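Two complexes are shown next, each including chain A; its partner changes from chain B in the first to chain C in the second.
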Partner chain A sequence: MATSANPPLDEKLLERIHADQNTNTGIENKKLIMWLFLASDCMFFGTLISTHLIYRKLYPFGHPQEGAVNITGTFDIELTSFSTFILLMSSFLMALAVSAMHKGAIQSFRNYTFGVILFGLVFLGGQVYEFQHFFHGQGWYEWKATAPDGQEVVGNEANGRYFKDVASAAAAKESFLHEHYGVKIESFAAQKPNEFKYKLKLPSKTGGEPMIFTGVYEYHPEAHHAEDGESYLKPREAFKHDNFGFTLDEFKQVKQVPGLSLQNSVFGSTFYVMTGTHGTHVAIGILWLFSMLVFSYTKNFSVINAVDVEIAGLYWHFVDIVWIVIFTVVYLVEYIPSA
Partner chain B sequence: MGHATTWKEAAKIENSRYHTFFNLAMFLAVLTGIEIVIIFLPWATWLVMGGLIVLSVIKFFAVILWFMHLIYDKILLFWLFMTGMVIATGTMIALMLLFSYEDVDEEAIASVDPVVQMVA
Partner chain C sequence: MSTATADAPHHADHHHAVADKSQLAPEKSWLGLNRPDRHSGWIDWLTTVDHKKIGVMYGAFALFFFLLGGVEALMIRVQLAVPENDFITAQLYNQFFTMHGTTMIFLGVMPLSAAFFNFLVPLQIGARDVAFPRLNAFSLWTFVAGAFVLNVSWFFQFAHTVGWFGQDLRLTDMAPAGGWFGYVPLTSAEYTGIGTDFWIVGLQILGVASLAASFNFIVTILNMRAPGMTMMRLPVFTWMTLITSFLIIFAFPAITIALAELMFDRYFGTNFFRVEAGGQPILWQHLFWVFGHPEVYILVLPAMGIVSEILPTFSKKPLFGYPIIVFSGAVIGFLGFAVWSHHMFTTGLGKIATAAFSLLTMAIAVPTGVKIFNWMGTLWGGRIKFTVPMVFALGFIWMFMMGGFTGIMHSAAPADAQQQDSYFVVAHFHYVLLGGVLLGLLAGLYFWTPKIFGRMLNQKLGYWTAFLVIAGFNITFFPMHYLGLTGMPRRTHTYLGDMGWNLWNHVATIGAFILGIGVLLCFVNIVWTALKGKPCESDPWDGRTLEWSTPTPVPAYNFARTPVVQARDCFWVHKHGDKKMDFMDDGGHGIHMPSQSWFPLLCGFGFAVFGVSMAMLAAGVPLAGYFAIGGLVAVTLGIYLWALEGPGGYHLDPPKEGDEESDEPTDAPAAQAAH
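Moving on to the complex of A and B:
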């Protein structure tokens, strides 16, 4: 049974791990081989990054057959910056985990390692989201609808921006209806039984004045069965379910940028291979640290394993430094005009 | 930072490293923030590119020296890693120069008969 306090210190073991190693170099062999591996991994990532940069320069438009891809429009720099911050902080926790092991504080090591694994998973989650977002491409849409008071409402490329990450028109339309045209309820109050006075607002995506719609909604409970098929939706929910009385007359795609895939562009090929290889390194690091965490709960684990934690830590920090380079040369550089 | 001869000394050193690591983590976060801000500043391209390269190099060395303990460990490890880094950087520079876009003669490529090219 694990306890939250650190176990008693074994002074002999601690003296052993802090003594110079009985090797030709005075360095633990495991640690030496890890550094050699990391040095060779530098060359591996160096070639992947160069390949990306060279092809980025030779094929500046990304999609040779289908037109220019707007790379900064595809990238989500806020998300990538957040992921970078998370990975840096995971490196900090990893340094503390190694430090804890050197002091024989096994419980502290477990806590920090748990934090590293959690941050690593957040980073990987961000990368999965990013890949999925890139793969689906972008679309711009125009739509025409009739409001309940008869007003005609038109949405276009500019004020329909929030669908731009959906290249499929059918999926964008479904999402558009699911979001109820972006209309918000300002007020909804009963004036008679089953009659509700409402005020709706459609915010402008271009920073202009919002459109306001007012009217009376007649509630017919029998027409609005809830999911269980027996009870009825509440008036406000029923009104929302009826799309606030709006009718969609037209919804069409006016521009499309295909998603980025391994096959459809040189940029996609080199980008996915490079960032995917880095993501695989992160995933391996998470599995490695998770196995160390599980191992730390067994009887065989002691401060003598400090060197094992240290080499796992070296690997984790390496993953972080590779990301420092990728973040700059692959992401940030794209935002510099005429770079 | 002196080399500990007993684990108690080592523990003291580790305790002081906590603050070093914390300060370093905050420093790295600030540098990342600066990187994100400068790309949107209306500065000359060379200045922004130069700034990004310098900041990345600082971050890179901060992590390998302190978080990866190269500053505390035997110097052999530092040179071992640097050997890999130098070869990797050299390969990158060589590749970038070899495949420079300016050297590609687009007209010559376009004028080559595809059949002749295949036979050749």
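Moving on to the complex of A and C:
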């Protein structure tokens, strides 16, 4: 860009912008067709949301045959509230981008649009994460282990952070081991060349006193090949690899909520297709804004494109508003205590 | 408000105006590709953004599919001509009635209406093109893709019948067989094969085409009117186009989602309509008819608009009660969304719902009746000329009214419960759609062909067509009232000889062939006229609206100078009244014309690949999924390149004084417009 990023509004450009608005209604053709598309899109989402609500009312637990779907147990309202907030804020940035464009502040437009894209991606990422967790379902587990000092430790992972949504016991066990039971190293110091004094902490899930384990770890490098097969793991890594000397004696599933899939319930069908359609809208919006952002670095981009940014903004706000409706009638109402 | 599109970003690069676009140097879009403007012949037709050429292509495809749908109807009638007939198998019979309905509605009537929208709306409002010329081409090619996907199923059916696919298929129907309203569970994966997949994807693609076209026409009508062309001066046909377009944008989403849900059920095992998993087939019925009933008005309102143009022209009187006609059209469109459940009276909606839908259905007869009285008021005391279009228009009023009467009978739920799914219903909607819509469209064809091709249709043949069509139509469908009331079920493949239905079925079949000959005669007449007919003047009927003020054939830019409209029926008033039309100064720059583009065609191609591949995916053909994705990529690429190439544009010089045809009457504004 040879010229400044924010060229001044010149008379010729203003004249051309004015010419585009010289229609019978005073609204540019492009903007009017966007409004019409959004009117039509209202009907698309209206049909999808009604389908969901009709079935939700018909089958209060979403699943007529194979047992109930625990809807509030499946949803993670904190995560969804967070991503909803992010989407709302992206709309705010979009408004700023449109406003910047109308003032001819192209660099500000770029900054805000970058923010919109980023927030949109965060929202989409949240949705992908959420879908994946809903799909896998949830399991609750009890476990028994022997600590290195011979002490017996029992615990449950009713609300564990690490594998809350792993419905399959084998996968949960693997993930549990991978996270080393949630044990943290407090200290790890060399006593002799191959002997290390350690202190471990297992936080209590109920908020009580954490359990502390101390002892000495003997390091045998040849037992711990690193991934390349040549070198050896460092002592601390090797200790972790040995699960700090813990042995898992028992790991069993005490409760399971099956995952929500397209096929296993009407609720799953309506939920995924509806929110998936919304997610597709967000993805198209991101692609659109990204294209506009790239376009803004070419010589063909000027304040005359403010109307293009504005209609992309209309689309983005619309998708946001639809999400507010979906979030309210699909997520939030599930949390109203039934009388 | 004089240019057809938003100005190109590089407006000044091609300021030199030319008299003919073939004189243009190749215009490069900044993708480095040449715009196809300097071409002529078939490339010109494939890449055109001219609403008139697009309209002609819509019309040509529509006439082709009318013939195809007609042949399918004749097959049905031959099968039913005598009891216990085995002319075609029950499966093929199901496919014929399914494809007959689908073809006539989505590939016959709607595109023929679209042909009129395209050709007439910009001319009637004094614009140089539609608001989005390339989107218009996109609508056309997407429609062609959808039509292709629907009908390519016949080739698969043929291939299966001759044994190319072997004998071990579970579901052997390759062409759609679930009826035009596709009720689940008939259209579920358990009962129908890939025919239904062709049907689902084909209708989805057609929906995209209809939506894009409707957005375009609404913007065109609201935004592109010539100075002085206020909303209450719009020709009624344009008004009906506007209302129809609004109906489309609000009604089509319902069926699009319903089809998407059905598609997910068939492809991905969802449970929207699968009874065994808790799905409710009745939801399909509701979603379908939320679309399906407005669709009836989408079909009939354009025909009403056409008739509202023809009756005043040949009565030499202004349309009686113009504001009321317009308002009635809007009310019909509005109420059209509130009556869908009258298609479902026998499903057990409950007393309150049934009563409400019954009442609303009766209410919709009021604006319809108002229109009929207004048309009669237009005729009253007029100097009526029985030209061919006028004969069709009068036939429309009469036949449509009869269809309306049986419609009112259906609005009473107890009566409807007896008539449901009987031939009485078949008689009713054919009176509305054939006696109403088809006669209206034929009237429009005879009325506007002189403007479209600059040649008169053979009038003598036209009277014969009118006679054969109206007589054949009544001979076919009037007996069906009787057949239905004596209990003959709709969609029956055959019937026993002792039911008392033999005579009237036989008569109906004879009538169908008379009707078929009449329609064929009309189409032969049109094709022959388009190629070899007698040239005619630009305003042969002493027309009332702006399209007749243009020279014939209409130049690419429609109006050399934009007219300034002074009154309703402005051309009539200009010729015979005291308010003369003015013309805007063109500013000496020449006329800005939109550049042509390949990309709408690319999008249509992508949709066709997508549609066929989706059906192949359902059939388990390897790699079909990749081809489906490839099709969508082609569509996306088309849209992207289309955005990047920009609207482009060049400037045309309208002919200067003296070099226009000398046979133009000097007092006609056509001559003024050109000078």
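For the reader, a short list of remarks on this structure follows.
The definition used in the following text is that the second predicted complex is superposed on the first by the 309 of 339 C-alpha atoms of A that agree within 3 Å, B and C clash if a C-alpha of one lies under 4 Å from a C-alpha of the other, contacts with A are read in each partner's own complex, and residues count from 1 in each chain.
In this text, a contact is a pair of C-beta atoms (placed from the backbone, for glycine too) under 8 Å apart; a residue touches a chain by one contact, two chains touch by 3 or more.
These numbers come from a predicted model, not from an experiment.
In this overlay on chain A, chain B fits alongside chain C without clashing. When the two structures are aligned on the shared chain, A:321 is found in touch with chain B, with no touch to chain C.
Shared-chain residue A:231: touches no atom of chain B or chain C. Look at A:280: by the touch rule set out above, it reaches neither chain B nor chain C.
Of the two partner chains placed around the shared chain by superposition, chain B and chain C are both touched by A:40.
By the touch criterion stated above, A:54 is placed in contact with chain B and with chain C alike.
Contact with neither chain B nor chain C is seen for A:204 once the two complexes are overlaid on the shared chain. Draw one line from the C-alpha centre of chain A to that of chain B and another to that of chain C; the angle between them is 50°, to the nearest 10. By the touch criterion stated above, A:194 is placed in contact with neither chain B nor chain C. Number of chain A residues touched is higher for B, counting chain B against chain C. Of the two partner chains, both chain B and chain C are touched by A:27. Here the smallest spacing between CA atoms of chain B and those of chain C, following superposition, is 8 Å.
25, 27, 32, 36, 39-41, 43, 46-47, 51, 54, 58 are the residues of chain A that lie in the contact sets of both chain B and chain C, per the superposition on chain A. By the touch criterion stated above, chain B contacts chain A in their complex at residues 4, 6-7, 10-11, 14-15, 17-18, 21-22, 24-25, 28-29, 32, 35-36, 39-40, 45, 48-49, 52-53, 55-56, 59-60, 63-64, 66-69, 73-74, 76-77, 80-81, 83-85, 87-89, 91-92, 95-96, 99-101, 104.
Of all residues in chain A, only 11, 14-15, 17-18, 25-27, 31-32, 35-36, 38-43, 45-47, 49-51, 53-54, 57-58, 77, 81, 84-85, 88-89, 91-92, 94-96, 98-99, 102-104, 310, 313-314, 317-318, 320-321, 324-325, 327-329, 332-333, 335-339 touch chain B in the complex they form. Chain A makes touch with chain C in their complex at residues 16, 19-20, 22-25, 27-30, 32-33, 36-37, 39-41, 43-44, 46-48, 51, 54-55, 58-59, 63-65, 262-263, 265-266, 268-270, 273, 291, 300, 304.
Of all residues in chain C, only 1, 6-7, 9, 11, 30, 131-132, 211, 214-216, 218-219, 222-225, 249-250, 252-254, 256-258, 260-261, 264, 268-272, 277-280, 283, 287, 290, 640, 643 touch chain A in the complex they form.
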